[in-house]
Structures are given as C-alpha cells and as structure tokens.
C-alpha cells in the first residue's frame, strides 16, 4: 500500500519538477518572479482541450499543438511586457506586479471563452499496468516516461551544451554576459520558449486525466515554486530533487492523514524551509552585495 | 581606546565551494578624540570591517569592543544607540523625504516614532518636533553659515539637492545625535572638490567641538593627510601598518603597494 | 436606491481594506499577498463573537483587531528572516495556509458550508444596526474614521520613519532605529484593520465562507492599491477602492451575463495593472516608486 503511494508521489513529483523547471528557467536567468506562469499553465491546458476535444484531433497531435502555442505565449509575455519594462529600468517588483496583471488577464480571458466550470479531456477508464502490488495507470505511465525523459535530456543539455553554459552565465551576471558579446536577447528568447515548453508539458500531462478549470494555475504554481525552493534555488537539477521530494511528502500525507491537508503540508514546509534553510537542500547561500 | 577590534576573521564561499578569506585576523585600535583613517586597496575589506563594527555583518569571528563593551553580538540599531554613527558609502539622504524630514530622523529623540504617540501624546510630540526642527536649523547654520540656501529648501525633497550636498548634509546631521564614534565610509568620494573644505571643517568640528572620534575610509590621500591624525593600512586581510598619518603614508612599502609610487 | 447603498457599503469596506494594505506596501515597501487572509481571520473571529456574545461593536472590534493583529506576527517574523522575493513567497504561503485552514477545519469554521445567520452589529450593545440605510451610515462613519486615523498615522513621526525604512532601511538602523519593531507595528495595524473590515463584512452579508478570502482576493486588494497609488496617504487607496468597486457596476449597464461580467472586470483590472506599471508605476495618486 505504501509503495503505491510512494510511486504516485514520485510521478506527481515529476510533474512538479517539470513546472518548477519551467518557472526556474525564467527566475534563474532573469530574476523575474514569473507569476504569469500560472496563467501559461492554464493556457496550455485549455489549448490541449480545444484541439483534443472541441476539434477532435488525436490526443498526441493536440498536445504538440498546445505545447507549441504555449511556447509562443511564453515568449509573448517577455517580448510585450518584461523586456520593455526592463528597458525602462523598471525594478523587478514592478515587473512582478505586471506579471500578476498579465496572469489575471489571461486566466479571465480563458474563463470568458471557455467558462468557469471544470472540464475534462478524457473521462474513460484507462488501461493500467500492474507491477507487483503497484498499479500505474496509462496516463501515469506517460507522465513518468515522457516527463522523466524530457527532464533527463534537459539536464544533460544544461550540463554539457554551450546553451546550457549560456543559461548559467546569464543567471550569474547579465551585464557581464552582454559585455562579453553574447546576445542577451537571443538567449532570453530561447529561455522563454523552453520555459513555455516545460510548463505546457507539465500541464498537458497533468490535466489529461484530472481535468482543468481556469483557476487551477496558482495552486499548482505555488507547489512548483516550493519544489524549486526545497531543492535549491539557482540550479535546475535541484528542481527535480525538490519536485520529487514534495510529491513524495504529499503522498505520505495523504497516506497518513487525508488528501484535504496535503496542500497545507506544502505551505507549512515552505514556511519552515524559508526560515531554516532558504537555499534549499542542495542550493548555496548567495553573497549579498 | 574607544574602539578595539580583535582578531577579526571573515571568509566567503562561492558556488563552487571555494573559500576566500577576506579578513584574516584584523587587530585595530582607535584612539578617542582623534581622527583615524583606514586605507587600503579596493576589495581589501574596509567596508566589510565597517559593517562588522557597526553590526551589519554578523558572520565573522573575533571581537569588537566599543568603550569597553563587547558589541560583537549586538544588532546594528542597538550598536547605534550605544553611540556609534555611520555614514554609508555611496548613500546620501533619503530622496523620498524632505530635507527637514531627513534631518529629523537623525535625532536621538524618538518621541512620536510609534503608532500611539500621534493620538495620545499630541502635546509632547508637537514639542519634540519643534525641538528637532530647531536642532536641524542650528546644524545647517553652523555648517553652512547664517543665510545658507538650505534653510529655504527645508520642505523640498532631498532628491533636489546634488550628490555632494546630500553627502555633506548626511554627514552634518551626524552632529545631531550624541554619537561618540563616527564611521565615515568614503565621505568625499564622488563629491565636487569645492565641498572638500567643508568636509574637513565638519570632521574637525566633530572632534574638537563635540569631542567625538572619527574613523574614516578614504581613497583621497591628500584629504587623509590634511584631516587624519592616525592611519591604519589594511591589506591581505590584516592591518599591516598603523601609526601617525605622515608615517604611514610616507612608508615606502605602502607607497609602492597601494599608491603605486 | 437600495442597490446604490449596497455598493456604498462595499466601497466603505474596501476603502478600509486598501487603506490597511497601504500601510505595509505603500509606506514600508513590504509587498504582501496575504491581506485577504487577515480579512478572513477578522471575519471569522468577528462572527464567533457576534454569534455567541451580546457585546457592543467597539468591544468586538477591539478584540478582532487584537486577534488579527496577533496573526500578523508570523508575517513580521518572516520579514526579518526573508528578503525580497522570499518574503513575498512567504506571505503567499501564509495566505494559502490560512485559506486551507478555513476550508478544512470544518469543526470550527464549517469549511465550505460557511456560516449563515450572522447577527448584525450592536452599537453600545443595545441598538442593532439593521436595514441598509443604517448599515450604510455606519459603514460610512467607520470608513471616514479609519481614513482619518491612517492620515494621522502617516503624518506622524512614526509615518516618517516608515517612509525612511521604505527608502533605506540600513540607514534607518544606522540612525539607531529598531526597524524590525517599527515594521512589526505596521503589520499589526494593517492586519488589525483588515480584520475590522472582515467583521463589518461578516455582519453585513450575514453569511461567510472561505471563498471570499482567497489569494485572488488578496491580489484584488493589491490591484486596487496599485491603481489608486501607493505611498499616497489616504486618497490613493480611496480612489483605488472606488475604481475596483464601482467599475463592475458600470459594466452591468452593458448588459453582460453576470459570470462573463465578473471575468471581464478582472481582465480590465489586469490590463490596468500592466498598463500602470508601464506608464505610472506609483499609481494614479501615489508618490512612491517600488524598489
């Protein structure tokens, strides 16, 4: 029984990790508190719904279309709001408020078009796999495999490719980055596109069997932010560590208490962490200038 | 000795877990009633040392003794209340506040600085405000003369003053509180040379008229020579040389290492 | 006419809410995302006293203010330990925790079922405030009083010190001020008045449930504050509250179905926020720039 919960927890953890990476991509490189990611998450879900259900396209195709469109939206938030604000020397807090504004606009536009009630993409009982005493449903298999592979590929990419080094350089010092001749604009574009992809992937994989509503974004995003902090701010591999840890802890809470309180666990954990070890499990203390 | 700093050690670790020893056993004593300068190259750790002494930096080893009291573990504002004033590098007045407000916040008298006084102790607050205003005007007159233009700018936002003027006034207002030791971090840096004389006058005033002690960080050597009695040279995480100003500044090793002469 | 009075009452409640938020965000530059949590705590504690005791309004208000203020200590502590983004995240976490407790602790709060039948406020323990005219008058007097209190507070030496902390906290500490304590007071007062707003709200609508005190509500309050202007003493928050409360009513005349109108209203607020951050980050009447 416990193993079942643990496996569920790990799989949920992978979904958190994906979203955490999506958020961290923007936060680590630009220090922007990318709250609109919650809306991007919702957008991806509804695009998936639109193409898979309303237009009746095959699920895989719909998902890909949704991911591509979401990448576009993610880039749009940077190009239309973040970058112009940066050019006006606006502070990060101002950008964050603008991010909140964008989130409100996008989420409510979606609600206006699709309605406020919960929608479902696929209601049928799915095939499941049995390994010993553990049951894994087909959607869960997708989450585990697709999510896991993408994460692994990304970590390799970050660690080894020149783009990965560029991300890390941009995170460390954007002014120096530019002085050294790297094109900040191009790297930023790439960052936001990738962020959109990760958020969309997390969204599509999750809502496939759970369903979607316009207000689900913030809750999930907070979980992802907590995952990022648990693991350790500043790096990407640690997002995975944090995501899986959070997923497992939540699963254990459900196992021990009830599912109502699993969110409370997240927030209590967040507060404890922020007070005791804000750099997370594997992060490092940043020297305050 | 009004201030003693004993075996201060401080290091940083960066992302790659490389440890960098900024301060490696600093011993320094500051004599009461004199002007002492702390000099050294960029990044030598002078401002960090100031932060440690004034309580803004806590991750260090060693002791800080102010007038015989160990203040190593005290918070910054408590240390300030014990009579330590600080002028930060690069910071001037608070630009959102008016000139008068900037002067008032430097007062020792904190009447009214809690949420209840403005409702329940109106008379007392009014009286203390009037006293603070008078104090502010007195300081401005003392430093800038009887008919100075700042008296007409009391209700203007501080941002309307030039950087140099703000630095001067920020330093002048340290005369308001009853500080015994003043830490001035690069007071003349970035300031128009025509104000330098006024800085010199204020510092000498602090020591001779108010009986305060001044410890300053400076890169302007002619200013140091003209205003400081003693000098400490910080390099490689230690105080390498201390002594009367002329002696330190004329030391050939220091002249080569720091001044490049 | 009754409908206009209803809007007036809600406007007064929001004026109090936005004024209270202005103290921490506008004066001390502490962006909090948990004002609705204090609003909710005040509403629920106020409800408890309204339903079980026959106390005059002033007494219940004082109790609510004190109790809600106490919960702000968590946030005060957070502001010491957490810097910048982490602090905002902490307030977010606090907001979600409070909501989760209100929603799940069914034994005490009745969770999603809400608490119906909340009695009205009794002035001096005898006169019940009943009827919409009475409530409007009461809410108006209260809102004006609160505005006067905040005005006085911000003109005082205490308000000056909060402004100083907003601009340069380190220098304020170097001048011997206990900035932690000063900020804690600001949080306490801010939470206390948000709690009072909750008390009035609970007794006016006579039914409360957790959905009125969500993160969305916190964001809504912050939006009102930013539209009206941060740093301004009272007129910024008043204008901001007026914009966010009255605007949806104007939309009604356009004839949209209620659900769509609610979303459209949010879209307009969101757009207003983004545009404001470009054109005038300090808000319509504000004078402080966000750091």
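Note that the chains are named A, B and C in the order they appear, and that numbering of residues resets to 1 at the start of each chain.
In the analysis below, a residue touches a chain if its C-beta (ideal position, glycine included) is under 8 Å from a C-beta of that chain, and two chains touch if they have at least 3 such contacts.
On a predicted model such as this, the values are computed, not experimentally measured, just so you know.
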Which chain has its C-alpha centroid farthest away from the centroid of chain B?
A
Identify the chain whose mean C-alpha position lies nearest to the mean of all protein C-alpha atoms shown.
C
Centroid of chain A to centroid of chain C, CA atoms only: how many Å?
31
Any idea how many Å lie between the Cα centroids of chain A and chain B?
47
What whole-number Å value describes the gap between the mean CA coordinates of chain B and chain C?
40
Residue positions on chain C within touch of chain B in the complex are 149, 152-153, 155-158, 160-161, 163-164, 166-168, 170-179, 182, 185, 189, 231, 287-288
Complex contact set, residues of chain B against chain C
54, 56, 75-77, 80-81, 85-86, 88, 91, 94-97, 101, 104-106, 108, 110-115, 117-119, 125, 128-129, 177
What does chain C use to touch chain A in their complex?
31, 74, 77-78, 81-83, 85-86, 88-90, 92-94, 96-97, 100-101, 103-104, 215-216, 219, 222-223, 226, 259-260, 263-264, 266-267, 269-274, 276-278, 281, 289-291
For chain A, which residues count as touching chain C in their complex?
33, 81, 84-85, 88, 90-98, 100-109, 111-112, 115-116, 215, 218-219, 222, 225-226, 229, 260-261, 263-264, 266-268, 270-271, 274-275, 278, 288
